[in-house]
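We call the chains A, B, C, D and E, going by the order they appear; numbering starts again at 1 in every chain.
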Amino acid sequence: MIALLMRDLRLATRAGGGFGLGLAFFLIVCTLVPFGVGPQAEMLSRIAPGILWIGALLACLLSLDRLFALDFEDGSLDLLATAPLPLEGGVAVKAAAHWIATGLPLVVAAPLFGMLLHLPSQAVPYLLISLLIGTPALSMLGAFGAAITVGLRRGGLLLSLLVLPLYVPTLLFGAEAVRRGAAGMDAITPLVFQAAITLLTLALIPFAAAAALRINLR
Amino acid sequence: MIALLMRDLRLATRAGGGFGLGLAFFLIVCTLVPFGVGPQAEMLSRIAPGILWIGALLACLLSLDRLFALDFEDGSLDLLATAPLPLEGGVAVKAAAHWIATGLPLVVAAPLFGMLLHLPSQAVPYLLISLLIGTPALSMLGAFGAAITVGLRRGGLLLSLLVLPLYVPTLLFGAEAVRRGAAGMDAITPLVFQAAITLLTLALIPFAAAAALRINLR
Amino acid sequence: MSLLAVHDLAVARGGMRTVEGVSFALDAGQALILRGPNGIGKTTLLRTVAGLQPAVSGRIEAAPDAIAYAAHADGLKTALTVTENLRFWAQVFGRTEITPAIEAMNLRDLTQRPAGTLSAGQKRRLGLARLLVTGRPVWVLDEPTVSLDADSVALFATVVRAHLGQGGAALMATHIDLGLPEAEVLDLTPLRASTASKDVKPAGFNEAFA
Amino acid sequence: MSLLAVHDLAVARGGMRTVEGVSFALDAGQALILRGPNGIGKTTLLRTVAGLQPAVSGRIEAAPDAIAYAAHADGLKTALTVTENLRFWAQVFGRTEITPAIEAMNLRDLTQRPAGTLSAGQKRRLGLARLLVTGRPVWVLDEPTVSLDADSVALFATVVRAHLGQGGAALMATHIDLGLPEAEVLDLTPLRASTASKDVKPAGFNEAFA
Amino acid sequence: MSIWEYANPVKFMRSSGAVLPWVVAGAAACTVGGLIWGFLTPPDYKQGASVKIMFLHVPAAMMAINCWFMMLVASLIWIIRRHHVSALAAKAAAPIGAVMTLIALVTGAAWGQPTWGTWWEWDPRLTSFLVLFLFYLGYIALWEAVENPDSAADLTGVLCLVGSVFAVLSRYAVNFWNQGLHQGASLSVASGERMSAIYRYPLYLCMAGFFLMFLALLLIRTRTEIRIRRTAALQAREAR
């Protein structure tokens, strides 16, 4: 297990591994939005919570598409499936590695990007906490989508299609928490709901994902 | 040439080919945005031009990441490079096939999704025209990015990082045209600029992309 | 008791049976070579035995965690070096020692090279070295000597012999000579699932229509 | 004049020379087989001859558009059927007739199957059929008979012989017997680029330090 | 002897090694001197003490642009004449340019807070700098991602050419999109009336310092890149 975690992290930091690219994508989304909607600070600050959450979500999603596909193509997945570690554990570990390599940097960088979008400063702690609670669920749900689409040649977009609806609750509560934080309202309730969703996801999805992998390997 | 175009279109419509997925992604982005920023119609209608353009741009981009990678992995690209058709032409044809399979459906569907985001109806023709003018440039620039990242294992996100800055002018003029259209202002100037950029792109980028492909095949 | 026993096995690919009535047993120290024309179902059979897909009918008896499978693809990460690749697989199988495997497959000069920069045959050698670090008794190999030169094939034969000598077993599919004259050969040609006559037995969904 | 002539060629991979001083000429009706241990540089040499990478030094003379190259990967689209795959490549090379190729490589029963559902050997047969539809005189083949069974190897030999008989030529790298005893053999082992002595000749960047 | 002789890695190592100490000394003297002088200037009547940020901000902003220009030239030399040193120099320059851009952005943000009352504004100047930063990131990421050094040089060269065209296009597009708050080029023809001499001379010194600092870093990094490649090649030969 540890070996798998270390390998995935090492691969992420190697050439072409994609470490930091999630961050770059996040930055790019945050830059494109003002280009699209115009530079007025007052409007940007109103949509900032939503855009930040959507940006984090897309960055997470896009770095996921080949989570298992690479292992599938080079045959590692066949070999992992016959190795003495439960596939459920393998899925969980790979999702964890993904979160460390992508989700965590997003959380850390989010306040900075919040500044670009004129996010009110009293909302920043809520942004941090809600991302910290929410991104593990994003990684795990994405791993599930990646497991389902692993055998497909152009899984990327199909993956988005499958996974994005699953992201809706996390996104809703996350963005709501930040918006309430920005408005100085009580933001605990959405955060609690979000935490519940994350826990549920972490507990159940590894089994679904491992089952999907087994089916795809057949 | 025609053979290549027909093959790519046929592949796009086959299982897992990704035809329609770009559209689905576009739809999803347009649905996630109200979840993220809140449902107030008046604000949605203000940000609609920008969001629609960004959604189209991301949908286009994401379907591009494996434009050449698939041909590279199964060896077709080696064989195409030794075939009696100029690689520049091949690149242009593949970008054209991508545009027909992804860009065109986006253009057609955009007014519908504009409705979801309360886009003012006088802006719809501008949305259509600017997308029609702009999306070919998106496909071609994306083909350039795909050619550069073709040999890399996790090219997807790197591709985004390389290509999105190139999309900036197109996006700016496109969204600006729609915004001016929505406000009833003169939108011809940005459209003309956009058309100029598209023409420039179509004229020059095939050569750069073919050069990148040759380098990657070495 | 044998390490691996297969009784009257039938396997299917893409919803159609490929071979049926396959029976054999592998004891410690035995090697069995599967032969048969292209497309008869060797790969399918090996994947079934390795547990990657379910059998249509028949029985596979093997100790749990006895089988190490090596397919056409070698499961190498091109960005990691030879050592890192091997060490990873060793750790997955709960072992630590990789030097013997490196020595055995003559990879000493290549240890620090990223796997992506190896030639076809060097990659294959690394893929075979992976088998050694699993420490599992039953090797299930699909065309193991593809792309290997004569010296490496001889090396491979030596390694397999040593594995058999230590009480292991090997099941291999191949079209070419592996340099293992002592191995038994099972020709699958007569076991091709019959489709011409009335006893068509398609798998799964189609069973209902049979 | 010969169809393909190579004079004192040196090729490099990953910034280091692999083989050097390679010279040969192929006339119509001739076949040349490259041999040599794993990693000596056969693939590199063939890719250079096919024009996919530049030579470090030396000269390659070939008519433009004379070479058809077939690598390890077959360039098949798994979602397209056998016929669609072949027809595509025929069109790319400006030809229309694909039935002879299908007949020659014994793919008649598989024409409507998506290429993704073929077995390893069947895929290879399809990859070789592609050569026939190019209509080009010089075939450059990298381990063409990998995964093929004995019958298919014989088929391949027949096809190559027919090609040579029609004034074609073939350059092939392989480790195993192709069933073409009449072909000449070039062993690359003595041409390995020397690295031990002082006449080290690394490619490109390192040249300055030599 | 033509000038291209110096593009030979061995010759380059020798000559750059000789000039490097002088460049480093000059860079240190000008930068430190300029910054101290700048810091001792009296506060501006309108902007107060925050005007002193200028001595970091303006030279960094200028070097950020010039560095990309230098990379463009180096890439062209590599693509046309295939001199490895120029490719490696372009590679070495990118992170320096990215950091310069970052300094300009950060000091600009720190300047904007007292002057415009906001850390960030989607002003065309600032925005096009952000876009430039993205170009730098993409360029660096591509160098990192491609394993074969020659291919990496070629690919990043092509990217630099295309990127330059689009960076200029973006500049004009951004101008069209939003009329900004940012200063115009104050060192242009009209400079005399816009900035008094007490600020101008220390600013010149800082600019010279930043330029020399860029040169010094560039030489050091290029030398390192050459050594790295050389080591890799030697290792590869050992492994053979």
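Simple rule for what comes next: contacts are C-beta pairs under 8 Å (C-beta built on N, C-alpha and C of every residue); 3 or more make two chains touch, one makes a residue touch a chain.
Given the structure is predicted, the values throughout are model-derived calculations rather than measurements.
Number of steps on the shortest path from chain B to chain D, with steps defined by chain touch: 1.
The interface with the greater count of contacting C-beta pairs, when B-E is set against A-E, is B-E.
Most remote from chain A, judged by the distance between CA-atom centroids, is D. Separation between the centroids of chain A and chain E, computed from CA atoms only, is 34 Å. Centre-to-centre separation of chain C and chain D, using mean CA positions: 28 Å. Distance from the chain D centre to the chain E centre is 48 Å, each centre being the mean of its Cα atoms. Separating the centre of chain C from that of chain E, both taken as means of CA atoms, is a distance of 56 Å. Counting only residues that touch two or more partner chains, chain E has 131, 134, 137-138, 141, 145-148, 150, 177, 236, 240. Across the assembly, chain D contributes residues 14, 72, 78-79 that each touch 2 or more other chains.
Shown for chain A are the residues that touch two or more other chains, namely 15-17, 21, 24, 28, 35, 38, 73, 153. Going by the touch rule set out above, the chain pairs that meet are A-B, A-C, A-E, B-D, B-E, C-D, C-E, D-E.
If you check the complex, the residues on chain E that touch chain D are 8-10, 84, 148-150, 229-230, 233, 236-237, 240.
Listing the residues of chain C that touch chain A in their complex gives 50-54, 65, 67-80, 84, 88-89, 91-94, 130, 134.
Against chain A, the residues of chain B that register as touching in their complex are 16-18, 21-22, 24-25, 28-29, 32-33, 35-38, 43, 46-47, 49-51, 53-54, 57-58, 62-63, 65-66, 70, 73, 152-158, 160-161, 164-165, 167-168, 171-172, 175, 179.
Taken in their complex, chain A has these residues touching chain C: 2-4, 7, 10-11, 14-17, 71, 73-76, 78-85, 217-218. Residues of chain D touching chain C in their complex: 14, 36-39, 41, 43, 72, 117-122, 124-125, 143, 146-152, 175-176.
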